[in-house]
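Input: structures, listed below.
The following pair of complexes shares a single chain, chain A, combined with chain B in the former and chain C in the latter.
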Partner chain A sequence: MNVIIGLINGMITGATPILLAALGGTMTYYAGIFNIAMEGMMLGGAFFAVLGSYYFESWVVGILFAILGSLLMALIFILFSVKLKTDEFVTGVALNLFALGATTYMLRQIFGVKGAFASPGIVPIPDIDIPLLEDIPVLGQILSGHNLLVYVGLIATILCHYLIYKTRFGLRLRAAGYNTNCLDTSGVRSDRIRTISVILCGIFCGLAGSFLSLGYVTLFSENMSAGKGWISLAAIILVNGNPWGIALISLIFGFSDGLGLLLQQYLPSQFTSMVPYIATLIALYVYSSRKKKEKFS
Partner chain B sequence: MDNNDKPVLIDMQHVVKVFPPDVVALNDVSVDFRQGEIHAIVGENGAGKSTLMKILYAMENMNAGEIFYNAKPVHFQSTGDAIANGIGMVHQEILLIPEYSIWENVVLGLEPTRGFGKLDEKKAIADVLEKIDEFGFHLDPLALVKDISVAAQQKVEILKLLYRNVSVLIMDEPTAVLTPQEIPQLFDELRRLRDNGHTILFISHHLDEVLDLSDRITVLQKGKMIGTVTSKSTSKKELARMMVGREVIFSSIRKPCQHGDTVFEARNICYRDEDKVERLKDINFTVSSGEIVGIAGVEGNGQFELVNTIMGLITPQSGSIFVQGKDITEEPILERRKLLSYVSQDRKTMGSSASAPISENMIMTHHKLEKRFQKWNGLVLNFHEVTKFAEEIRKRFSVNMGAPGAPFQSLSGGNQQKVILGRELSLSSPFVLLDQPTRGLDVGSIEYVHEQILGMRDQQRAILMLSSDLDELFRIADRLLVLYRGKIVADLITGKTTINEIGYLMLEGTIHEN
Partner chain C sequence: MKTKFINGVLGIVIALMLGAIVMWIQGYAPFETYTALFNYSLGSFYSFTTMLRNSVPLILTGLSASVAFASGPVNLGQPGQFLMGALLATIGGLYLDLPPILMIPILILLAMLGGALWSGLAGLMRLWFKMDEFITTLMLNMIADFFTYWAISYPLFDKEAYSPMTPAINPNGWLPEFGNFNTNIIVMILAFIAVWFISKKTVAGYEWRIAGQNSLFARLGGCEIDKNYLKVMLLTGALAGLAGGLVVMAGPHRFLKGLGANYAWDGVMIAMVANNGILATLLYGLFFSILQTGALGMELITDVPREFIMVIQAVIVLVVVAGRGYFNILMDKIAVRRKAKEGLE
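Up next is the complex of A and B:
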């Protein structure tokens, strides 16, 4: 029983950063931006989360810093791909590489360590016990006692669904993705909608990053996002950006994450850490064959 | 009501527009539009009709001139500004979101909301429905735009402007995307709008339509204002003369033809598409040298597949195609191109590379087939020859263009077609395939293209022409085939049939029994 509960909890924990980043990415997906920079935004967020939490001795500041760090990446993305109209894919690649280089550099310069920085001075994001619910056997163990950001992820899924499908902003957001000209001639500046979508993506990726370095573990290590941004992209594409679909796919990826850890007992870790990337490849294959069908229909 | 009684609503004075470096699109054009009239703007392709309207709608800036609206000088900053002031434009291509419902498309950008930015769906649908009823549009606001006809989509575009309380509607060639049956309905709706006090500015180059619909007509020719006439006091002939600057003949210009040998032959062609739908059923016909064979048919009856089979873009399951006795059914496209010229109906994607220079568009295919364009064993182009060739085509086909290095898309539609025709007709191929060669062209250009086609016939080439314009087919084709559900249901000599007969064949596949 405990093994199953452990696996489910592991799945939820593994799903959270993917879910948060993917919810951000789905905003840009609907706005018609091929955004692959979630990886970089997340990594930037993870570093700044540790920075804020360590120096201000507060996880709240940590989260704020993470959002700011990730927003910085988002602003670079906006400057290049929305304002200067550079290719989104190339911009995304550049941003991801920049994030990796910059965080590694700052890790060495600011904290003076190589590889990873861990310290008791880093304040982690607390776990939340839900009164009453926590007392229910089994269910309480599964639903209660998770990290704050797990619940934020759940609420964010509901909010994103509402935002995309029920609000004026959502109607315009999707219109930007479907037909920019139509939106512009309707008197709405599509550039602004796109900019807002990237900013929202930055905020969500900041949360995802802070979960990596202040929730999952309490440390920052080089390249600690380790492809989670790419997996979030795969999740978005697989379900055409639907927030609940993303939540489901995130759980599956979270499960494969846990499975990877489990498999480490039998296979070399180099192989088990391939799992997320193989999943991404499969997702992109599905995407491309669907695109092809659209083209010919 | 006499139009002269209506007050002037919009007055455009001395409008000048120059597209850099040296194309004068509008040269001192002054025109006024009255409240509650349908005012057509006609002219050949490239005459400046669309540019003039885009300036009014603030999509383009003008270099000089003034616009008065309700007797006040105005200068709209953006199209949104123009709409807020009651001027809206329906573009040539439909600009809607197919995945959205009609009401979502209509309210987009001006959505009624409740707290927290939530869409007020009920109010939006009610508002849209009210507008639909007010103007008698017969639309279901909940239907998805992708599921409705093009004519209905156009109505949605109009509705979108009416929802914004626009009183001046600019329509850029609205009939271009409609079937002949849909056009009278659109006109009825436009008349009703006019009777409600709306002003309609209507760009077209179909003179019959213009005379039928509009109260007054303004004619532009090469960026110059020729004049404004009331449609009651003018005729098709006069309008055509004003547009082109010379007499245009509308009657048949066929001369008796002298057949030569068979050049093209399609033998037992059958084609089923990916979904196993039979698109071509046992197609058999020939085209002889010095003969123009026309193919009539309602779109979607196999024309697309027939053209693609001949060009080698699809391979038929059975049957063969011969040109000058050579079986080309399985030949690669370059081999085919040695034997056939091809003008596609789709200028933009199939017929040209829109962003490539004009000169490169002119030498396509030539650069592969002719040694003089190649240097170093075909590794590089001989640009000296390319420039010379471009100049030849420009002269021979009187293409109105800037430098040969300018992008193809900088040309007007008529000139684009001239470049493509120039390229294809300069090939020395015995067989010429023309798919809607005059679609979207104005009367002057159409006449020109027809002359070129007849000229080719005189050179003893074999010509196969597909057209949805029956008048065109009757004007120049010697023989007419009718395609109906993938079958050739008739093979008639043009002089021995009538438009009515062909019409029945197109719609029902047989001649009406009488």
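Up next is the complex of A and C:
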């Protein structure tokens, strides 16, 4: 029983950063931007989260800093890909590498360390116990006592769904991706919608980053996003950007993450660390074969 | 050609100036820092040859990305293919014992085979299951990273070492060195000529380029898209694998943890900034090597951490690529304005 509860909790924890980043990415997905910069935005967010939390001794400032750091990356993205019309793919790759270089550089300049910075001075984001719910035996253990951002992720999923499908902005957002000219001729500047979508993406990736460095663990290490931005991109593509679909896919990836940890008793850790990436390949295979069938039927 | 050159030089100068401003704000001396940087990569025979040696993996992974992007496949798997090439060359070097004249070519072939296997895997996933190579190659990168880490931690582990690494490979498989001039440069030049010849002078290269520009046109014109796709994936994987093998054979002569980390995305960056041109890839590869080799000197002389170069590289890519696009838009605008004027008169 405890193993199962542990696995479920591991699944939820592992899913959260991917969910948050993917919700951000889905905004740009609908706006018709090929955005691969989630990885860099997340990494920037993770670094600034530690910076804010350490110097102001507050996780709230940590989260705010994370959002600002990630927004900084988003602004660079907007400047190049929306304003200067640079290739989105090139901008994304360069931005990811910029984030990697800049955080490694600042890690050394500001904290004077190489590789990783951990300190008792970094204030982590607290876990939340939900009253009443926490007293229910098994359910309480599963649903209560998670990191604050886990619940934020859940609320964000609902909000995103509402925003994309039920509001005027959502309609314009989808129109920006579906038919830019149509949107422009109806008097809405598609560039502005795109800009807003990238800013939203930056906010979500900032949250995801702060979960990495203040929730999951309480430290910053070089390249700590470790491909999570790419996995979130895969999640978006697999469900065509539907927020609830993204939540489901994130849980599957979170499960593979937890499964990897569990398997560590039997396999060398190098193999168990591969599990999320293999899971992505399998998910992609299922998606592609389903799509192929649709085509022929 | 001329505008491209001007655009590249301008982009580099702007990026270096931006870097100088950042350094100046932090209280470093920008001019001394750049002098130290170029001194340590170009200043003497020793530093020049070191720079050439370091440029080999950059140029080869860059060529891999350039050829792939120009022909269509978005092969982002250079890091993984690099590692698998290095691993296979290391295994060959550990278990084979032949005279150098046989050993070196065999290890080179093994390295290319390792890279081609890994990219071929992604290619087959695309052809059989329609899985996008853009994501599969990325995932295979991570898998190769962990797999090689396991291989050097357990089966190939050097029992006398304190961190994960293999024993040194058979000295017969070491690339000969003259002074500080390593023959990996010669291998790279041969590979460069081969790639140039294939893409400029053969029918296959022509078909690839056309398929990269307009896949539908190529198919209607009678090119075998699938077969060409697989060929490109195999060739580009082999190039990245070769880069990995040469690093082992020229440098540490063993597979160390984090071997390919420095070259991970550099190939893709170089291809982007070079706009997938083959000669441009060579030149930008050399320039990135100047930056990376000189970074150490910069750190020694003026205390600017060498990680700063990673930032500069990304800025160069952004500025040059954005400049190229914007330059064209600007030119079009001027042309349109001139035409409008002529129309008025």
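What we mean here is this: the second predicted complex is superposed on the first by the 275 of 297 C-alpha atoms of A that agree within 3 Å, B and C clash if a C-alpha of one lies under 4 Å from a C-alpha of the other, contacts with A are read in each partner's own complex, and residues count from 1 in each chain.
What we mean here is this: a contact is a pair of C-beta atoms (placed from the backbone, for glycine too) under 8 Å apart; a residue touches a chain by one contact, two chains touch by 3 or more.
Everything quoted here is computed from the prediction, not taken from an experiment.
Of the two partner chains, chain B is the only one that A:L171 touches; chain C does not reach it. By the document's definition of touching, of the two partners only chain B reaches A:C182; chain C does not.
When the two complexes are overlaid on their common chain A, residue A:R192 makes contact with neither chain B nor chain C. More residues of chain A lie in touch with C than with the remaining chain of the pair chain B and chain C. Across the complex, chain A meets chain B through its residues 166-172, 174-175, 178-179, 181-183, 185-188, 296. If you check the complex, the residues on chain B that touch chain A are 79-80, 83, 91, 95-100, 104-105, 108-111, 113, 116-119, 160, 274. Contact residues on chain C toward chain A in their complex (touch as defined above): 26, 125, 129-132, 135-136, 138-140, 142-143, 146-147, 149-150, 153-154, 265, 268-269, 272, 305, 307-311, 313-315, 317-318, 321-322, 325-326, 329. Within the complex formed with chain C, the residues of chain A that make contact are 76, 80, 84-87, 90-91, 93-98, 100-102, 104-105, 108-109, 226-227, 230, 233-234, 237, 268, 270-271, 273-274, 277-278, 280-281, 284-285, 288-289, 291-292.
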